[in-house]
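First chain written, first letter: the chains are A, B, C and D, and each begins at residue 1.
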Amino acid sequence: MVGNSLGERFVVTSFGESHGKCVGSLLDGCPAGLPLSESDIQPDLDLRKPGQSIITTQRKEEDKLEIFSGTFNGFTTGAPICMIIWNKDSDSTPYEKIKNIPRPGHSDYPALLKYGGYSDFRGSGRFSGRLTASYVMAGSVGKKLLKHTLGIETVAYTIEIGGIKSNDISFEIAKKYRYSNDVRCPDLGIAEKMKEAILSSRRSGDSLGGIIECVSIGLPVGLGEPVFSSLESDLSKALFSIPAVKAVEFGSGFTGSRLSGSENNDLFINKDGQIVTITNNSGGILGGLSDGMPLVIRIGFKPAASIAKVQRTLDLNTNTIVDLKVPGRHDPCVVPRAPPVVENLVSFILADHAIKCGFIPNVLKGD
Amino acid sequence: MVGNSLGERFVVTSFGESHGKCVGSLLDGCPAGLPLSESDIQPDLDLRKPGQSIITTQRKEEDKLEIFSGTFNGFTTGAPICMIIWNKDSDSTPYEKIKNIPRPGHSDYPALLKYGGYSDFRGSGRFSGRLTASYVMAGSVGKKLLKHTLGIETVAYTIEIGGIKSNDISFEIAKKYRYSNDVRCPDLGIAEKMKEAILSSRRSGDSLGGIIECVSIGLPVGLGEPVFSSLESDLSKALFSIPAVKAVEFGSGFTGSRLSGSENNDLFINKDGQIVTITNNSGGILGGLSDGMPLVIRIGFKPAASIAKVQRTLDLNTNTIVDLKVPGRHDPCVVPRAPPVVENLVSFILADHAIKCGFIPNVLKGD
Amino acid sequence: MVGNSLGERFVVTSFGESHGKCVGSLLDGCPAGLPLSESDIQPDLDLRKPGQSIITTQRKEEDKLEIFSGTFNGFTTGAPICMIIWNKDSDSTPYEKIKNIPRPGHSDYPALLKYGGYSDFRGSGRFSGRLTASYVMAGSVGKKLLKHTLGIETVAYTIEIGGIKSNDISFEIAKKYRYSNDVRCPDLGIAEKMKEAILSSRRSGDSLGGIIECVSIGLPVGLGEPVFSSLESDLSKALFSIPAVKAVEFGSGFTGSRLSGSENNDLFINKDGQIVTITNNSGGILGGLSDGMPLVIRIGFKPAASIAKVQRTLDLNTNTIVDLKVPGRHDPCVVPRAPPVVENLVSFILADHAIKCGFIPNVLKGD
Amino acid sequence: MVGNSLGERFVVTSFGESHGKCVGSLLDGCPAGLPLSESDIQPDLDLRKPGQSIITTQRKEEDKLEIFSGTFNGFTTGAPICMIIWNKDSDSTPYEKIKNIPRPGHSDYPALLKYGGYSDFRGSGRFSGRLTASYVMAGSVGKKLLKHTLGIETVAYTIEIGGIKSNDISFEIAKKYRYSNDVRCPDLGIAEKMKEAILSSRRSGDSLGGIIECVSIGLPVGLGEPVFSSLESDLSKALFSIPAVKAVEFGSGFTGSRLSGSENNDLFINKDGQIVTITNNSGGILGGLSDGMPLVIRIGFKPAASIAKVQRTLDLNTNTIVDLKVPGRHDPCVVPRAPPVVENLVSFILADHAIKCGFIPNVLKGD
């Protein structure tokens, strides 16, 4: 497999460019018999699409999904599912001007060298955050599959922006309120402060980063494949495919590195006939396998690289240092648009493992 | 591919068990013409092997490598390289007693359910830290290949144990001193304190975690394959395959999530004819591609789960709660033994990408 | 990877259905810098499309290609290339009637059981010969890539239909005349007889099979990867993915099984500075590797299964034996439409190996 | 994956060389809970090993199997199974002399160029028929797995040598008598003639080829994955990995290419409650999927390339034409040693598909 595919038995190949004709996903390996139509996936795309609030890029795209193959009579057939959204509001003018002036913090420079100048630089091409729409499409099918067969649910939400941290969030609160505000933080008081911080940062021509938390419940025990397809391995591989992600931790993560074993170990108990652990520092993964406790991941996003502030960089045409004020329309903080990407992408990986580990059959029972 | 393989064009399959006959690696895709013998790899295994100091497990293993295939007349042939070390000092008695009493913080419980009781539980079987010897073998070949062809060098070292942090370390200092002390921290004053902390923790029947930093220099621009085989994706996938790793970050990582764009962006300059960035918050990766700057990764390890302190857990035979004092010989902190694992495993992934991206040919020129 | 993908570093995923919205190919791994537009691929699709002559199905499809991604300014970018043709003249009425009456010789019966009734049965869905259009799209890019970089050329042509055999054909004659007639046989006198045989067979409500020969010239020495990706292995895997193919042989093939070693071995000579063999019973492959001689493959197609003659079969609704006269529009012989499928698919596999074996770089030099 | 691996969820990687230390297989993906020890596999290796009769090479090898990992208490654990036989009776002297004089019909010439002189040429290294022992090891586990779970049985046997053909053979006769004679032909009268033909050929310094038939019974309906992992695709890929195989056909194969549709189609009937076809020209595969009828394959082997007769070839040292009398010990016909290779390799592929298609679970029920 080349780099644009992900998964072993539930496999997505992402295609399309930010300013090309479309962005799409081709999903192979979906079991037959899952009820599926555009309306199952569209809500997830809507949560990700640009132009939804004053703190996102003002590019306006409908991101209306079309399914081209793989469904029949309202159900998946077991054949590859091709899904596409069209690009309608792209403006490539700014990119022509800077195609040899790499923006600091961006893929521009290594992409230019790697592809010998042939890559589509308009809107960052394949490196654009817009490509995460293709992750959402495939992941949304995975999410529905997991819900339909195993009752697994996944929620992702903002817990930190520009150093402003939310308080601890329960699964139920996160599920209910994460999309109730522009920054997608279920702690509504903090959400307001985060939004102000983003607006303030943009006013000063700058940008912010932040942290997303993702929790999944209902996992069976035993997802994951030793030694190189541990659940952490495959989830992190997927998550680091999201532009701007620079850090991933599970359970107590880096904090756990500072605890002692007796503090960090999660003790088992039998609670009403179910084996659970009292704490969940493992984040639901032991030995790379799901242990039945909630899966807990935190993902660190760097501040958006495209800022209005003047930065010095190199003009590769002349090999001189120039001042660059990045043109185009950009998110001042990508974090608010990331929760739907994270929760669908995590669902995607869990679906692949649920299939591989025998928890989901090749053909679903009809209802 | 099933879970025990890693890589696309430089592929390792790990095999063996902690208390079985052996631990081994089968490496396919190594270019022909690399000078290679056991003595190239043995030093890396020696740095990882148990029983080297008073702060590691007292299991004594020679870990003497045998190459069974894939070399001829002192060079690699292009054929798969099978490498094995034998298990000679295993003691499985303690594990028989607790095979149905899952240790908190360990793979025991999910492994028991996943494999229906058939998995080799002795010494944690496939889930043992001992399996990282197989990563070292294959990675060591990758490290040599990278050095031989592209001059890439990788060093990993301890920067934190039990909350005790080293000062900043330069590449040259790290390269020189990382293996000069038992905890593998190049900051020698801090190293002493870390060692004391480990000894003190063990005395109290407890364990510690910590953080490893890994730096690679000499990478060409353009390693990595969008979108799902970004360099961060494939490196994190590998690193999360190391038992006890629960967090991975690149460059400024989680800290960068709290910076503004203007603080975190690395500005380009032309330095003596070379394009470099003034800072390196990206950790050498932009858009998932190497940008020519040093690759910087930090890896968080949880405290070792097997501790002497009594812990409450479930006896699955009787479904009752019991007190468990984990038997057997264990590391009070796995971090000191991790640097050779990390630096060889990182080398492995870089070698795979260097081959895939066309920087290393299928046949090396003879010398 | 799931079954709809082919290749390791030049990877196609086929999608679409015979009577769905479209048939498409997603091609990942194409080097950047190849001049490419729809007009490069359309001629190959035109040679395959239905309704071209009186001996093919009368379904009328334009099969007009659209490229949705992966090209920019007339060149490939290194990103995935999504290609689609639309279905416009499908008539699904006949298939509704027989959806539980499996046609003899067809995929109907195992597909019904495998997919639990969810597969798209209209026009045989994913099992239709129409899907070979997706092979042609991807293979056509491979063919252009091979021609552009290495000068490799591939031709396929009919050598036998209904037992009527052509005389031996030289590469030049095949290249020139294979598409000059409806049956795609460069032996023009024989071609006429083959056509009459097909027409006669159709008149009697029956169908015919036949044999295609495929020859490639210009291969470098050393394509193929021991032991399981021998050139024969990967070519046969691809060729047996064409519906109706039931036999594949290389060089002297089954005939060679009846020769002695001294008759079958090809002796080496130095001819004008080039090492060649006097005969070519190996078909250009020794030890699974290309040896520099022309690659020679013969592919056996069974007679088309959908015939007008009444056949007895089972009605799975009633579990009784019924008489079936297969409805719908069908080819009385699929062989005449197969040469473009074979030559593009063979090119696809050669391109994958040429990339893997280092004969084609990741970025092509501009012209 | 690189070329030495085969399978998707039941994956073998072959390693070792003809005259190196060993030949081995690493098998990943075997379900846990299969009773397995060396004695399950040794009989299959014994049927393949050299020196068993006067018509095989006189190299004497015990081929005694050692399992190094992946089993515990007599059962598979779900972990990779490493299996090795040692090389004890190799004589590399003859190969030193001809290392730059490629033998006609052999891999010598392309291998020399492909690997730049680094490949292990002794006894043909990785290209030796001896490597098929690694196929037998892994395939034998697959065969046992299929028998244990689904009752599938596979037999392969010689049906033609040097143009001498056996009569039609029933499954039961083939199962009973195929290993009763040196040529492995269940038609005992013909077997004697085949043996004489081989001896006569060897006396004249020559060699013979032949054809193997392989039949599997008990397959469930629906093995195979459209479109590129059709059962024919994956079986042929595996079979063409056997040295000397140049032709593969399923069911009526090339003969079917000369029949009409009404002759070749297999009509369905309900026979005692089971849906079967009256004939089996499809060889048990429709649309790339198993249809429940016996799987029938025929495999064409070329005559062994290493013959005692003088042949003219090139000396690459001097670039002159020389006379070559191939030194070393060789089989005068490889066909008699091929049945165990074919039947285990076919079982391997069927096991991979049975796992992928959900017919075999990840953990087998204990007995």
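Here, contacts are C-beta pairs under 8 Å (C-beta built on N, C-alpha and C of every residue); 3 or more make two chains touch, one makes a residue touch a chain.
Keep in mind that what you see is a predicted model, and the values were worked out from it rather than measured.
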Q.
When I count C-beta pairs in contact, which pair ends up with more: B-D or A-B?
A. A-B
Q) Taking each chain's centre as the mean of its CA atoms, how far is chain B from chain D in angstrom? A) 39
Q. What whole-number Å value describes the gap between the mean CA coordinates of chain A and chain D?
A. 46
Q) Where the centres are mean C-alpha positions, what is the separation of chain A from chain B, in Å? A) 26
Q. Among the residues of chain A, which ones contact at least 2 other chains?
A. 1-5, 8-9, 14, 79, 114, 126, 226, 357, 362
**Q.** Arrangement of touching chains [line / ring / star / complete / other]
**A.** complete
**Q.** Contact set on chain A toward chain C in their complex
**A.** 1-5, 8-11, 13-17, 20-22, 24, 26, 28-29, 32-33, 68-70, 72, 75-82, 84, 114-116, 118-120, 122, 125-126, 362-363, 366
Q | Contact set on chain C toward chain D in their complex | A | 1-6, 8, 14, 102, 104-111, 113-114, 124, 126-127, 131, 160, 162-163, 201, 205-211, 221-222, 224-230, 232-234, 236-238, 240-241, 243, 245-254, 256-270, 275, 277, 281-283, 286-292, 300-307, 309, 311-314, 319, 321, 357
Q. For chain C, which residues count as touching chain B in their complex?
A. 9, 79, 226, 356-358, 361-362
